Each structure stands twice: as structure tokens, then as C-alpha cells.
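Both complexes shown next keep chain A, but they swap its partner, so chain B is in the first and chain C is in the second.
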Partner chain A sequence: MLTSIILLPFLAALVILFTPRNYRVVFRGVALLATLGSLLVATKMFLGYEAAEAGVGGYKFIEKAAWVPSLGINYFVGVDGINVGLIFMGAIVAFAAACVSWEIKTNEKLYYLLLMVMTGGILGAFASLDLFFFYAFHEFALIPTFIMIGLWGRGENKNYATFNITLYLSAGALIALVGLIGLYLQVPAAQRTFDIVALTDYFRANPMAANVQHFIFPLLMFGFGILVSLWPFHTWAPLGYGAAPTATAMLHAGVLKKFGLYGLIRIALPLMPEGAKDWLNVLALLCLGNILYCGWVAMRQRDLNQLIGNSSVAHMGFVFLGIASLNLIGVTGAVVVMIAHGLLAALTFALSGYIRTQTNTLNMDEMGGLLRKLPFIGAALVMAMMAGCGLPGFANFVGELSVMFGAWKASFGHAKWFVVAAAWGGLVIGAIYMLRAVRSVLHGELSDKWNSVEDAVLWRKTPFVLLLAALLAFGFWPRLLTDKIKPSAEAIVKMATSGKAVALESVKR
Partner chain B sequence: MFENLQPEDLAWLILLLPLLSAAAIGLFTHRSHRLSAQISITAVVLSFVVSCGMFVMFKGAKLVLPTPLNWLNIGDLKVEIGLRLDPLSLLMLLVVTGVGTMIHIYSYGYMKEDRCMGRYFGSLSLFMFSMLGIVLSNNLVMTFIFWELVGVSSYLLIGFWYEKPSAADACKKAFITNRLGDFGFILGIILVWSMAKSVNFEVVQAWINSHPTEWGGVAAIAGLLIFCGAMGKSAQFPLHVWLPDAMEGPTPVSALIHAATMVAAGVYMLCRVFFLFGAHTVWPDFLGFLNGWSALDIIAWIGGFTALIAALMAVQQNDIKRILAYSTLSQLGYMVMAVGLTGPVASMYHLTTHAFFKALLFLGAGSVIYACHHEQDIWHMGGLKKKMPVTFWTFLLGTLALCGVPPLSGFYSKDEILATASHHSVFLFILASLVALLTTFYMSRLVLVAFFGSTRSEHADHAHESPKVMTGR
Partner chain C sequence: MFAPFGHAPLAALVGLGATVFGFSFAYSLYANAEKDPLPEKLGLLSRAMRDRFYFDEIYSGLITITHEAVSRLADWFDRWIIAGLGVRGLHGSTEIVGRALRLVQTGNLQTYAFLFVAGVVLVLLFALK
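Presenting the complex of A and B:
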């Protein structure tokens, strides 16, 4: 089941590769079909998750095939409560991204080829339970991102943005790689494996020495952190998303960026509880940079994409805070924010992309009164902005609420003041920049130059309706997500908070 | 699924009907004016009927809890979407659905010529859903959820004429100011939860009764943080700034949301969580300068100050809706002061009577504005008594009730608050009496200038009585 979700986009890429370059309809049709297929299978998997039988390590829908037996590398995929929602969200965003790609009019063959490789890479990275594939799939998704921004990007800053995002993300991926290799080498040569389940079991039985953890944990934290735009390494994000073509921004900000967070939750926390105990204080401090500083920056933006980009960075702060709180409520909340923000980021970038095709600008000072011409897009934008400032009814609220409740009980120093700051950032700063955007883009008097602006026709509404429906469904029935996440998060929190015992054991040995 | 259905589970209908109406209008019928209006009005009338049924069935009962919905359940964080029927919520249900029904019907006349009537009724139904959610809620997080939804429906309705820059700015201001209050509110909720391990009103109250000393240490802070939410919604100083600007919305909206129901939500919420304030107050060290004051004292003084300052501002306004808005502010200050003086009963009494007479005044003002072609300056009116007799007499009745003239309802409820004040604080009693005098002054000024004398503008000259659906003739 998981294999077909991952394979469909790659197969589509292959078909596109062997299709003559002027068969535009075919590229688009194949891409839409493949992502729709992935989405349908992913939906079936998400809905059937509870009923499915759990395999090794509590994972479900496991599929395994040997790849390089001599090095212990297997193709090994499976889901638990944490990545099942992420994959489902990723499939929704992938289909939506294929839908909005109609705006691309040049060199479509290469574009759709890269889009499909990126989609397949993203879905593969979240499904992999083998470190090698986990990392390789991520690179498969990352490299098309750079190329797409470079070739189909827009704005004067396009080249600088490509340069910036490539450097930052490659550096982040590299630092994380060093950490992962360090982790791999901690296992004695005879038992070395890339199997995440086996690694988890091994380190549960034989905890890593505390001093090694102190060294490896920050490598993963900052490496993955850079990939997620952890303050102060976030500057690539608004810049890159401002320049990226719509579908790329949707896929990267929505799904691929969550890879770093997923890595932190899946690998860094359970395997290195001692490292976590020391370094999560730092993470909690830095996440205030995301929530407050990036929120303030977003308030000052006059370009819609820059505003959304900065707000997306700010939202990541909530996930970091949830992870740093290191308890069941906080970590579950963090995963919910990851999924909710994925849908929301995709939705907002899709909307700004649509507005840009109509107005040829994203400068909010030039816009105004567009709600009159764009009743559907405008209503969707208002809903997206409201979801972004944590309105109940949307999934984001559930996540942010749980993160705040969880962080209140966190053990790091002054945790309560962090919650105060997070509430200020989420409720007040978020509302200010989101409503300012609505005020400048949609409200006010309509200028004559926007007389030719047209609202989305029926089939172009599809991606927006799909993303909004998912946000609302998870907002109204959060237990669709939390009941799946809870048992898996509990297991991870249990391993991550066993730090004391681990330290003692390693001293004894 | 339905075999365990109890009669009280019908209360869910009160909440769900407006939601269904909002969804149906938003998704399907917003282009059709008449149909949208019909759906919305039907929903609120049915809600009112069911509310009356609930009131009759359970008016003697102390507490009835229809089957709740397990909404969120992560570790210690358990949140239900559950209803709570007790005398407080049953009374408030009647106020909200009753005033709501009247205003929905009135709106049908007032908004007839607007080309976005579908959107108007959709937002109105969304508002009814959110407001009824606050009224029926059985826990703090659910209250917060619907609290936010009320904020957003108010945002949508204030900014209904979004092309007018003043309206677009006003809705933004209202939402952000409310958010400032909600910032304190959510922290207060988290604080209560972290102590009592629950957000359910019943459970929290039981915990407080059994752990008075533990609760005493945070009671004052938690109480004031939750009061922040009420300061935002009920527009207490210094978060009162949004309410006068909110008059940019259509007048029926001002009547329903910004006079009768939403702004009263803060007062209602304070009465609902009044048990939080019972404990002996101990301030933490960094707030040591507050020793000798209780949280309720602070609330009473903020309420009293708001009442006075708003009444003073009302005296020098010329816009008919702004005069009424400042008057609403002042009366809300009254109610909050009454809660602070440990008189939640008096406060709820005044809330109820105020909801009716203030909605009446706003609807009268709407009728005047409609007749004068959207002229709102009272100095451009005059002599309307002869031209609009129904509006005049009903407006006059509302004014007399607001001024506290017996035997109208305002007299009894205001008297109750003044009596409470005289028992607890002489200073606040004098202040409240002064506010009552000011109220009489600015309302008489409004009535005399707008309805008596000679007409002072062309619009007023051509004014004639509003259609039947608005006056009920």
C-alpha cells in the first residue's frame, strides 16, 4: 500500500520522461492522475489505520525488501500514528500542487518531471523506516526544489533566493547527515544497521553514552532545525518561498519542511534522551525567535508572499515548543500543528499564487477591494488567514492549543513564561498580520485597474476546496488525528524522558 | 445510535440549527437573497421554540447535562463539547434566541436592498451558532472555542460593507482588541487546568471547594486573567475602544451583537465562573502592592470606571448610533461592576432587561436611519415624531426603560445594582448614581433633538415610517 503511494509519482515521472516535449496535456494529465492515485490510496490507508494489524515495532502497513544486504540497507516502509497523518497530508498537498501547476507555461516537460520526483521523494521520506532511504528520499525531493526555483521562479530576487535556499538547506542536510552517521557508528560493527526500528530497539536496550549524546543531539537538532527554518537560520524561507513557483512553495513549505521536525521526533528524541534533556532548553529559547521575532517581521511585510513565508516560519515555533515540552500533550500537539500547518501553508501559497496570476503583483499596497471581484478566492483567503491566527474550527487551533497546554507542564526552566510568549505570538501578533493582509488585499475600495481580475472557475476551485475541507475536518474532529498520534507519541515520550535511568546505566557500565 | 436519546438531548438542536443554516447558506444558497433569509430566519425561530421547550421542561431543575461529545482527549487534556442546562443558561438562551428572532425578522426589511443579503444572513446564523455555544458550554475550553467564533462572526458583520475603509478598519480593530483580551483568557484557562486537572465547570468547582488553600494561591491571578477575556468582549476600559467603531456594521447587527448579546457574553461568562472568585486572595510576591484588594474589587472598579467614562463620552456624541454605543458601554460597566460587588444575580438581571430595551433602541435607531437615507447625525434630524409615530413611541419606551423609569424593566434591574453597590461600597454607589443621572441626560438629549422640534435637513423632511416587517405594525 505504502509502496504504491510512493511509486505512483515516480512512475509518472518515468512516463513523462519518455513523452515528447510538446504533449502538454499528457504531462499534466499523468501528473494529476498519479497524485490523485496516491491521494486515494493514502486516504484508504488513513481511514483503515486503526483496523490494520500492527507489525514489528508497532508499525503498520509494513513493506520490506532487501536492497544492499551487505551494508544492511533495506527498502523498509511503514507507518505509525505520527507519519500516517503526515503522509495523508502530503498526498493531499501533492494533488493540490499538481492542480495549481496550470500556471506554468514554459518547459512543462521538465517541470512536471521534477514535480513528480519531488512528490515521490517527499512521500518516500516520510514512509521510510530505513535511515538510508529516509535520507535519500529527502534529497530526491530537495534537489528538484532548487532547480524549480531557479528555472520557474519569479521576481528580481530569484537567483539570490535560489542561491540562498540551496546553501542553507544543503548545509542543514549535511549537518544532519553527520549526526546520523555518528549515530550509526555508535552501534558495534557486528550489529550495524540502517533499520530505524532495530536502531530504536538497540538503543533502548543499550543506551548511548551520555557524552556522545551531548555531541550528536545538537548536530541533529541544528541540522534538522535549519531544514525547518529554526530561528536564526530561517532567512532562506521567506526569500525562497517568495521566489518559488506556487506548487514548489506549497510542497516545500507544506510537506518537505516537516521532514526535519519528523526526524527530530522520530530519531533524535527517542534515541538520545540525555542529549534532549540538555539541548531542548536551547530549542525552547530559539523557538521564541520563530514565534515572536518572525511574527514581528511578518507584521512589517508589504508583499503577500513574504508575509505568508514569515508567518510560516513563525508557526514552526509552535512545533519546536511542542517538541521541547517533551510530554505527551506537547508532542501530540506538535504533530497536529505539523499536519495542520502543512495544509494551511499549501492553501495560502496556492491562494497567493492564484492572486498573482490575476494581478501580476503581490504588493499589498497596490491591491485592495479584491473581494468584490474574487468572492470565492477571497472567502478562501479569509478562512486561511483565520486558520493561520488560530481560529477554532480549523486544525491549527487544536495543535496550538495542545502545544500551549503541554508546554505549561514542561520541565524546562520558566516554561510558563514561554507559554505566555507563545500565546502572545499566536493570538495577538498572528491576528495583526493576518488581518492586515485581509484588509489590504480584500477590503477597501476596488481600483479600476483590477477590472479584468477573474474568480476561480469550478475545476480550479478543487485544490482550495480540498485543502480547506481537510483543515475543517481535522478542526472539527481532532480525534481523527490525535487518537492515532497519541499511542505513538506516548512511546516516544517515554523513551525520551527515561534520561535519568540511562545516565545511571551508562555510568555503571 | 438513537436508542439512548433523552429529552434533554434535544438541546443540541438549539446549537445545530444555526450551524446548519450557516453551512447551507455559505455552501449553496448565498446567491439567492430570499431563500438565504428564509433559511436563517427559520433556523433561529426553531432554536427559539426549542429553547422555550427546554425552559418549560427544565426550569425547576438545578442542572441538566445532555449527552456530551468527547472532542479532544490527550493525557490530562480532556475537552468535551457538552451542553449545560441550568437556570443561568436557560435564561440566557431565551434572551439570545428571543432577541435574535426579532432581529432576524427586522433584518429582512432593513437589508432588502443590499446585494449581499445572502452573506449577511449566513454570517448572522454563524453568529447565533457561536453565541449559543458560549451560553450552553459546560467547560472553559469550549467556551473559549465559541468565544473566538463569536469574535470572527462579529468581525465578518462589522466589516460587512468592507468597501468602506472605515468599516474595514473597524472590523480589524474589533478583532485585534478582542484578541488582546483572549490572550489573558487562554492563559487563565491553562492556569485553572494546571491546578484542577480539568476544564469542566462542575469538576473545577468541586476541586476548588475541596482544595481552598491550593487554589487561594493562584485564584486572584487566574480570575483576573479570565476577566481579561470579558474585558475584550464586554468592552471594559481599556479594551473598550473597539465598540464605538463597531457601529460601522449594519444597524440590526449593532442591535443584536453590539448591544444585546455578544457584548453581554463577558458578563455572562463572569457569572458562569463566579465560583473561581470565592477564595481568599493571596497575591504572589511581585504583585504584593495589591495586598488588601481582591480580584473582585479590581473588577468592580474597572466596571465602575467604564460606566462613568462611557457615559461622559456619550454626552458629547452627535451620531445616533454612537450615542447608543457609548450608552451600551456604560451599561456594561454597570453589569461588570455588579459582578465585582458579588452581585451576579443583579448583573444577570440587568443584562436581560438591557438586552431587550437596548435592542429596541437600536432597532428604532435603524428605523430612523433607514427613513432618513442613512443619515446618522441627530442634528440633521428633528421633528421625526410626527413622521414616524411608531418608531417614536417605541423609541421613547426604550429610552424610559434605559433611564430607569418605573414601571419599566430598567427601573427594577438598575435599582438592584444600586442596592448591591450601596451595601458594599459607598463610593461606587455614588459613582453609579451619577452615571444614572448622566444616562437620563444624554438619552433625553437624543430623543429631544431627533424627534422633537422642526426638521433640520431635507432627508428628515422626506422621512416616512419604515416598512411593516421592521415596525411590526
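Presenting the complex of A and C:
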């Protein structure tokens, strides 16, 4: 089942590769069909998760095939509560991204080919239970991102943005790779494996030396952190998303970026509890840089994409905070925010992309009154902005609230009051810039130059409706997610707090 | 629907009472009234009520002196220190080092031979010391 979710986009890429370059309808049709197929299978998997039989390590829908047995590399995919929702969200965003790609008019063959490879890589990275494939699939998704920004990007900063994001993210991925190799080498030569389940079992029975953890954990924390735009390594994000074509920004900000967070939760926390204890306080402080600082930076932006990019960096702070609080409700909330923000980031970038194709600008000072011309897109933008402020009814509220509870329960030394108050302040800042953006884009006088602006026709509404429906469904019925996440998060938190000494006292309380 | 009354009867009843009071008071004031009777009766207070007790202005002013000021600072720091000095600085200094090192590649065999021998002498110097 998982293999077909991952394979469909790759097969589509293969079909596109062997289609003559002027068959535009075929590229688009194949891409839409493949992502829709992935989405349908992912939906079936998501809904059938509870009923499915659990296999090795409590993972479900496991599929395994030996690849390089001498090195311990297997094709090994499976889901638990943490990644089942992420894969489902990824499939929704991938279909929506294929839908909004109608704006691409040049070199479509290469574009759809890269889009499909990126989609397959993303879904594969989240499904993999083998470190090698986990990393390789991520690179498969990352490289098309760079090429797409470089070739179909927009704005005068396009080239600088492409180089910036390429070097920055490659550096982050390499630092994480050093950490992962370090982890691999901690296992005695005879038992070495890339199998995440086997590694987890091994380190549960034979904990890594505390001083080694102290060095490997920060490699993963900063390596994965750079991939997620951890403050102060965040400047690539608004720049890159501002220049990226809509679908690329949706897929990267929505789904691929979550890879670093997923790596922290899946690998760094459970395998290195001592390292986590040493370093998570640092993470808790840095994530305030995301929540507060990037929120303030977003307040000053006059370009809608820059604002959304900065706000997406700010939202990542909540996930980091949930991870840093290292208790059940915090980690559960972090996973919910990852899923909710994935849908939200995709929705906001899709909307800003639509507005840009209509107005040829994203400068908010030039806009105004657009709600009159764009009743549907405008209403969707208001809903997206409200979801971004954490309005109850949207999935973001559930996640952010749980993260706040988690942070409150965690003991960040004496900084607890400060951390929680700052995170709460971050929500207020979010409301300021989101509401101001709504005011300057949608309300006020309508300039004559926007007379030709047209609202979305029925079929172009599909991606927006789909993303909004998912946000609302998880917002009104969060147990769809939390019931799946909780058991898996509990196992991870248990391992991560099993460090021989202090652990976080408050968890026991 | 009636769950709040079982859960917190006092709060629910007070809320309901306030609603009923508000409706009946408004009805007694405005039913059959030609114009708003409040400005005559209350004067300044009525004006403050009309302007929502200036809460919007207070909020807006507070945000201007707090968040707005800090956000200017954060934006400046982001633009010039992190993205400028940090990222662009690293990019620029790498570029300069690259340009400088390019000058060493002269294509002149004698120069390469000289540098090679100089390197060997240096290594020997350190090794034999």
C-alpha cells in the first residue's frame, strides 16, 4: 500500500519522461492522475490505520525488501501514528500542488517531471524506516526544489534565492548526514544496520555513551534544524519561498520542510535521551527566536509571500517548542502542528500564487479591495489567515494549544514562565500581521487597475476547497489525528525520558 | 445544550440573566423612540460608549509603541545582521578567497616547481627539527 503511494508519482515521472515535449495535456493529466491516485490510497491507509495489523516495532502497513544486505540497507517502509498523518497530509498537498501548476507555461515537460520526482521523494522520506532510504528520498525531493526555483522562479532575487536555498539546505542536510553516520558507527560492526526499528531496539538495550550523545545530538538538532529554518538559520525560507513557483513553495513549506522535525522526533529523541537532555533547553530558547523574532519580522513585510514565508518560519517555532518540552502532550501537539501547518502553508502559498497570476504583484501596498473582485479566493484567504492566528475550528488551534500545555508542563528551569508567555505573545503577533494583511489585500478602496482580476472558476477552486476541508476536519475532529499520534508519541517520549538520571521531573507529576 | 447549566450553574445563569436584562433594557430604551435617548441622558459617557470606550485606540497605540517598535528592530537585524553580515558575508568572503586563490594558478611551470620545492623544504624543516 505504502509502496504504491510512493511509486505512483515516480511512475508518472517515467511516463512524462517518455512523452514528446509538446504533449502538454498529457503531462498535466498524468501528474494529476498520479497524485490523485496517491491521495486515494493514502486516504484508504489513513482511515484503515486503526484496523490494520501492527508488525515489527508497532509499525503498520510494513513492506520490506532487501537491497544491499552486506551493508544492512533495505527498502523498508511502514507507518505509525507519527507519520501516517504526515503522509496523508503530504498526499493532499501533492494533489493540490499538481492542481495549481496550471500557471506554468514554459518547459512543462521538465516541470512536471521534477514535480513528480519531488512528490515521490517527499512521500518516500516520510514512509521510510531505513535510514539510508529516509535520507536518500529526502535528497530526491530536495534537488528538484532547487532546480524548480532556479528555472521557474519569479522576482529579481531569483538567482540569489536559488543559490542561497541550495547551499543552505545542502549544508543542513550534510550536517544531519554526519550525525546519522555517527549514529550508525555507534553500533558494533557485526550488527550495523540502517534499519530504524532495529537501531531503536539496539539503543534501547544498549544506550549510547552519554558523551557521544552529547556530540551527535547537536549535529542532528542543528542539521535537521537548518532544514526546518530554526532561528537564526532561517533567512533562506522567506527568500526562497518568495522566489519559488507556487507548487514548489507549497510542497516545500508544507511537507518537505517537516522532514527535519520528523527526523528529530523519530531518530534524535528516542535514540539519544542523554543528548536530548543536554540540548533541548537550547532548542527551547532558539525556538522563541522563531516564534517571536520571525513574527516581528513578518509584521514589517509588505510583500505577501515574504509575510507568509516569515509566518511559516514563526509557526515552526511551535513545533520545536513541542519537541523541546519532551512530554506526551507537547510531542503530540508538535505532530498536529506539523500536519496543520503543512495544509495551511500549502493553502496560503496557493492563494498568494493565484493572486499573483491575477495581479502580477504581491506588494500589499498596491492591493486593496480585492475581496470585491475575488469573493472565493478572498474568503479562503481570510479563513487561512484566521487559521494562522490559531482560531478554534482549524487544526492549527488544536496543535498550538497542545504545544502550549506541553511547554507549561515541561521544566525549562526557571525560564518556564518566560517561554510560555513568549509563545503566547507570538500568537498575538501572528494575529497582528495576519489581520493587517487581510486588511491591506482585501479591504479598502479597489483600484481601477484590478478591474480585470477574475475569481477562480469551479475546477480551480478544487485545491483550495480540499485544503480548507482538511484543516476544518482536523480542527473539528482532532481525535482523527491525536488518537493515532498518542500511542506512538508515548513510546518515543518514554524512550527519550528514560535517561538514567533526572529526566524531566514534571512529566512524572 | 443544557450542559453548561449542570456544569457551572452560576456562570450560566448570570450569562443568561445578562442577556435577558440587556434585551429588555434595550427594548425599554429604543422601542417607539424617535431618536437615540442616551446622548441627552448620559452625555460624555454615551459618547465613550459609542466609541467602544476607546479600546481600539488603546490597543492600536499599545501595539505601535511595543510590537511595532520591536518589529522595526527585528526586521533591521534580520536584513542587515543575519541575512546581510552572516549569510552574505560568508558568501562574499568565500568568493574573495576564491578569487585570491585563482591568482595562484599562473600556468607557469617554473612557478609551480618553485612552490613545490619550497613546500618540500618547509616540510623537511618541520620534520627534521
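Throughout what follows, the second predicted complex is superposed on the first by the 489 of 509 C-alpha atoms of A that agree within 3 Å, B and C clash if a C-alpha of one lies under 4 Å from a C-alpha of the other, contacts with A are read in each partner's own complex, and residues count from 1 in each chain.
The rule we apply is simple: a contact is a pair of C-beta atoms (placed from the backbone, for glycine too) under 8 Å apart; a residue touches a chain by one contact, two chains touch by 3 or more.
Please read these numbers as outputs of a predicted model, since none were measured by experiment.
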item	value
Overlay on chain A: chain C relative to chain B, clash or fit	clash
Chain B versus chain C as contact partner of A:Ile329, first or second or both or neither	first
Touching partner for A:Thr482 - first (chain B), second (chain C), both, neither	first
Partner chain(s) touched by A:Pro232 [first = chain B, second = chain C, both, neither]	second
Most chain A residues touched (candidates chain B, chain C)	B
Partner chain in contact with A:Ala421 - chain B first, chain C second, else both or neither	neither
Contacts of A:Ile432 with chain B and chain C, given as first, second, both or neither	both
Chain B versus chain C as contact partner of A:Leu36, first or second or both or neither	neither
Touching partner for A:Ile181 - first (chain B), second (chain C), both, neither	neither
Partner chain(s) touched by A:Pro392 [first = chain B, second = chain C, both, neither]	first
Colliding region between chain C and chain B, picked from 314-322, 404-412 or 458-466 after the shared-chain fit	314-322
Footprint overlap on chain A, where chain B in one structure and chain C in the other make contact	428, 432
List of chain B residues in touch with chain A within their complex	70-77, 141, 144-146, 148-149, 152, 159, 162-163, 165, 168-169, 172, 175-176, 179-180, 182-183, 186-187, 190, 193-194
Chain C-touching residues of chain A, taken from the complex the two chains share	163-164, 168, 232, 234-236, 239, 293, 296-297, 299-300, 428-429, 432
Residues of chain A defined as touching chain B within the complex	327-329, 332-333, 369, 371-372, 386, 389-393, 397-398, 401-402, 404-406, 408-409, 419-420, 423-424, 427-428, 431-432, 435-436, 438-439, 442-446, 478-479, 482-483, 486
Chain C residues touching chain A - in the complex, by the definition given at the top	63, 67-68, 70-75, 78, 82-83, 86-87, 91
